[in-house]
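We just call them A, B, C and D in the order they show up, numbering each chain from 1.
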Amino acid sequence: MDWGKVRFFLGEVFANFARNKGMQLTAIATVAVTIVMLGSFLYARETLGKLSAGLLSRIEISVFLSDRLGDREARALVQKIAADPRVAGLTYVPKSEGLRALRERLKGQIDTSLLTTNPLPNAVHVRVKNPDEVHAVARTIEKISGVATVEYAQDAVTKVLRLTDTVAKIGLAMILVLVLATAVIISNTIRLTVFARRREIAIMQLVGATNGYIRGPFLAEGLVAGAAGAILALAILAIARAELLPKMIATLSFIPFEIARVDESHLILELLAAGAAVGFVGAWFSVSRHLRT
Amino acid sequence: MSLVYPNGVRALDGVTLEIEKGSFVFLIGSSGMGKSSLLRLLYREKVPTQGEVYVDGTRVDAMRRSKVPYLRRNVGVVFQDYKLLANKTVWENVAFALQVTGARTHDVMRQVPRCLDLVGLAHKSRMFPSELSGGEQQRCAIARALVNNPKILLCDEPTGNLDPSTTSEIMELLLRINLKGTTIVVATHNQAVVDRMRRRVVRLENGRIVSDEERGYYFLGLGQSSVLSG
Amino acid sequence: MDWGKVRFFLGEVFANFARNKGMQLTAIATVAVTIVMLGSFLYARETLGKLSAGLLSRIEISVFLSDRLGDREARALVQKIAADPRVAGLTYVPKSEGLRALRERLKGQIDTSLLTTNPLPNAVHVRVKNPDEVHAVARTIEKISGVATVEYAQDAVTKVLRLTDTVAKIGLAMILVLVLATAVIISNTIRLTVFARRREIAIMQLVGATNGYIRGPFLAEGLVAGAAGAILALAILAIARAELLPKMIATLSFIPFEIARVDESHLILELLAAGAAVGFVGAWFSVSRHLRT
Amino acid sequence: MSLVYPNGVRALDGVTLEIEKGSFVFLIGSSGMGKSSLLRLLYREKVPTQGEVYVDGTRVDAMRRSKVPYLRRNVGVVFQDYKLLANKTVWENVAFALQVTGARTHDVMRQVPRCLDLVGLAHKSRMFPSELSGGEQQRCAIARALVNNPKILLCDEPTGNLDPSTTSEIMELLLRINLKGTTIVVATHNQAVVDRMRRRVVRLENGRIVSDEERGYYFLGLGQSSVLSG
């Protein structure tokens, strides 16, 4: 291994960079801006996803127990429901408490003193882990003996699920558009920087450099420009997040904000890898185009 | 062989030429007559539209694209427009031609200063082409063509921007290299050089060879030119 | 006026374009991609805005009338509420009908046959035009004599309003980021195309061209590249909309989709103007930078 | 005046030179001695680090930037490296120098072909510089310098890539233009040209003027050169 050559190669990359500073910085800025855009969108999407999941997780299934069940049997039934792995949590509301709640709810609307006997059954309010499973859980519970009726906002759940689904699809589509756009923009930028140096490439060929030899420094530069842009972008995103997030959480304090738990490490790695890869591939194709002639 | 450029210009028209190993040939002819075009066929910048080109026993025009760099490493070229890399210093430009051959760093460090010295550019080795005078750029191009000791050296108007005494030095340098066995082809308009060296002179006119003399002068059959004493 | 000069100028612009085709097409593609991104985001945002407005417009204020009011008086009061310009519409629900609805609602939960007397008052359900005004309208109605109680999902309204507000702010911030990014990307792209031709600029100066004279064709090119990119982008957006929108509406049919009414003409003009302007300004600055040296 | 380039090279060192209106001056000196640098001061590509430059009565070095284009329109320059616009055809390159002066289209249509004819390039007017031979590019550069009838014509090695007979033609052309009153300064290495024309010869060496003869030869005090007959 001739270390001189390695040094030469790195020196080459570095010198090219220094001698085309204006152009390279322009390219890096473009990459950075593109990735900031992509990153903030990915972040927003993930946050919204968590948000809607949080809202959906509040949907309850109301299970009304048969009046024939004794207190002990009722509690056994509750245990049984709680054992279902899809169930996130539940509250048991005995009929006496239910009546109190109903009275509260209807106060002002009807003369509650007219409710002299307790018309309510014992009830269990069940929350599921995954909103998608509301229907299934409800149907399972329905079949347990001792359960009189199962009620939940069936219509609402369907609607909300369909809405979330659509929004998620739109989000995914937008992300695809963005990822594609990022790739196009970065590789176009690299292409323009290569284009500005097409004469150099032609000369190198005439002096006897193989295509691989010419490509090397350009690929390294594309890689570096892409990665540098991505790092810059990630720094900007991190600062923005540190500045804006607390404010947002304060405003939306009533929402079960799981925002803090968006896992960023993989996002960071992805964006970095994407920047570097697109820079590399963009450089590859642009240089190849000039090498062919 | 013939060469027709895509725009329809017939730069070379039925040229047949054989250059012996180790010889020294001048290529002359007035402006636009096809000298550079002929040289371009030899290092395969162009492929003849018709006919065949052999260099060192290999058929160049039918060569696979991936082999071309290896051909060019055996053929040093001083381009008429220098073709220096604007982003590299003089030193780096010369070193580049050596580095592409995979030369060891050790050799690069030895050869490059030697060649720069030969053309008298050692003191400008850290400058960029844009910081050089025309003649200095030309000498840098010459140094680059020499640096990897090519078997064949093609010089396209190598002294157009050099003063007479530097020109003499360069021609002497070429002569020395030729004596070591390198084949040299020089396309030039410099009457003084051609007349003084008395070597083989191939004259091109409108893409055809009109004369080929073993010990020729710039002007057909004249010792000293008529233009000079006009 | 020397028409030859005009022809020359246009010829200049056209020839430059044709002779730098690869570079110019790259620039146009970048502009187009950027504007597609911006455009689809603007569109998504506007649609979401309409969507949430549509959902909010369903919020009702339930007004319960005093039992002392006769049928005639009740109808007069309804007229009065309906006269409020902020009210979008209302439904009068007499107590008899209310009972039927309540019975329906409580069926299965309580033994409805126990509700022998009608405990309900006459009610009016009011929808307001602008969700922001729910609070204000409710307070106005409360003060009308003959109104017993006014009820509405006060808490929910506040929450939803705050959420919408935050989402709108985030949307605005994202759009600012995007607009800025678009500007940076387009002008960087133009800058790179100018950079590739810096030698030309230097030569023109040496031959005696004034800065204005040199700038002219570059500005025109920047303008054309920007505008062409924008037009391309708008075409892509129009196609995407024609393809995707019907599907989306079909999926989300239960939502009061006012999507069709997003006013696009101004968006189109804005994007076009933005593309052209950024191209022009980008060219201006890039050329100026090279003119100074 | 002196000129020190940013990298510290002292290209011109205390040069004082006056060129009369309507005269014809050769600027000689070996490679890298400062000929091009001296010319660069005259059309204000460079500003002297010290001293003053007057052209046609105006002080050029202190000129406002916005006035520079107007100076350059009065000074035709044949650049050593041609500086043709690669994206424009021969015709457009020549026309450009006229169009920037705001010339009427009518005049452009008449002048451009005339100039191309003078340098013998009329038949290549639709080609791009990259499709021309070295000598043709040089002639295109000459045509561009002539096209707007400048008061002063600076030629930096205008015949380095031209054969002797074309060189003679070009020099005759310059002579005719000079007779019409244009001041001409030619930096050259072409001994034959200098010796034949017998005009004022200014010799530069390491940025200083070492001789200035009214009717000089290329080599000091020699009629025919020693190099030629070496």
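Methods note: a contact is a pair of C-beta atoms (placed from the backbone, for glycine too) under 8 Å apart; a residue touches a chain by one contact, two chains touch by 3 or more.
None of the values given here were measured: they were computed from a predicted structure.
Looking at chain B and chain D, no chain is in contact with each of them.
Comparing the centres of all chains, each the average of its CA atoms, the largest separation from chain C belongs to B. In this assembly, the C-alpha centroid of chain B lies 67 Å from the C-alpha centroid of chain C. Measuring from the averaged C-alpha position of chain A to that of chain C gives a distance of 23 Å. Spacing of chain A relative to chain B, judged by their CA centroids, is 63 angstrom. Contact topology of the protein chains: cyclic, one closed ring where each chain has exactly two touching partners.
A list of each chain pair in contact follows: A-B, A-C, B-D, C-D. Across the complex, chain A is touched by residues 22-23, 26-27, 29-30, 33-34, 36-37, 40-41, 44, 64, 102, 108-112, 114-115, 117, 119-121, 148-149, 151, 159, 162-163, 166, 170, 173-174, 177-178, 180-181, 184-185, 188-189, 191-193, 195-196, 244, 248, 251-252, 254-255 of chain C. Of all residues in chain C, only 2-5, 7-8, 15-16, 19-20, 197, 199-200, 203-211, 213 touch chain D in the complex they form. Across the complex, chain A is touched by residues 43, 45, 66, 68-73, 77, 79, 83-88, 92, 96-97, 99-101, 104-106, 108, 144 of chain B. Within the complex formed with chain B, the residues of chain D that make contact are 5, 7, 9, 28-33, 35-37, 80-81, 127, 131-136, 138-139, 156-157, 160-168, 189, 191-192, 195-196, 218-219, 224-225, 227-230.
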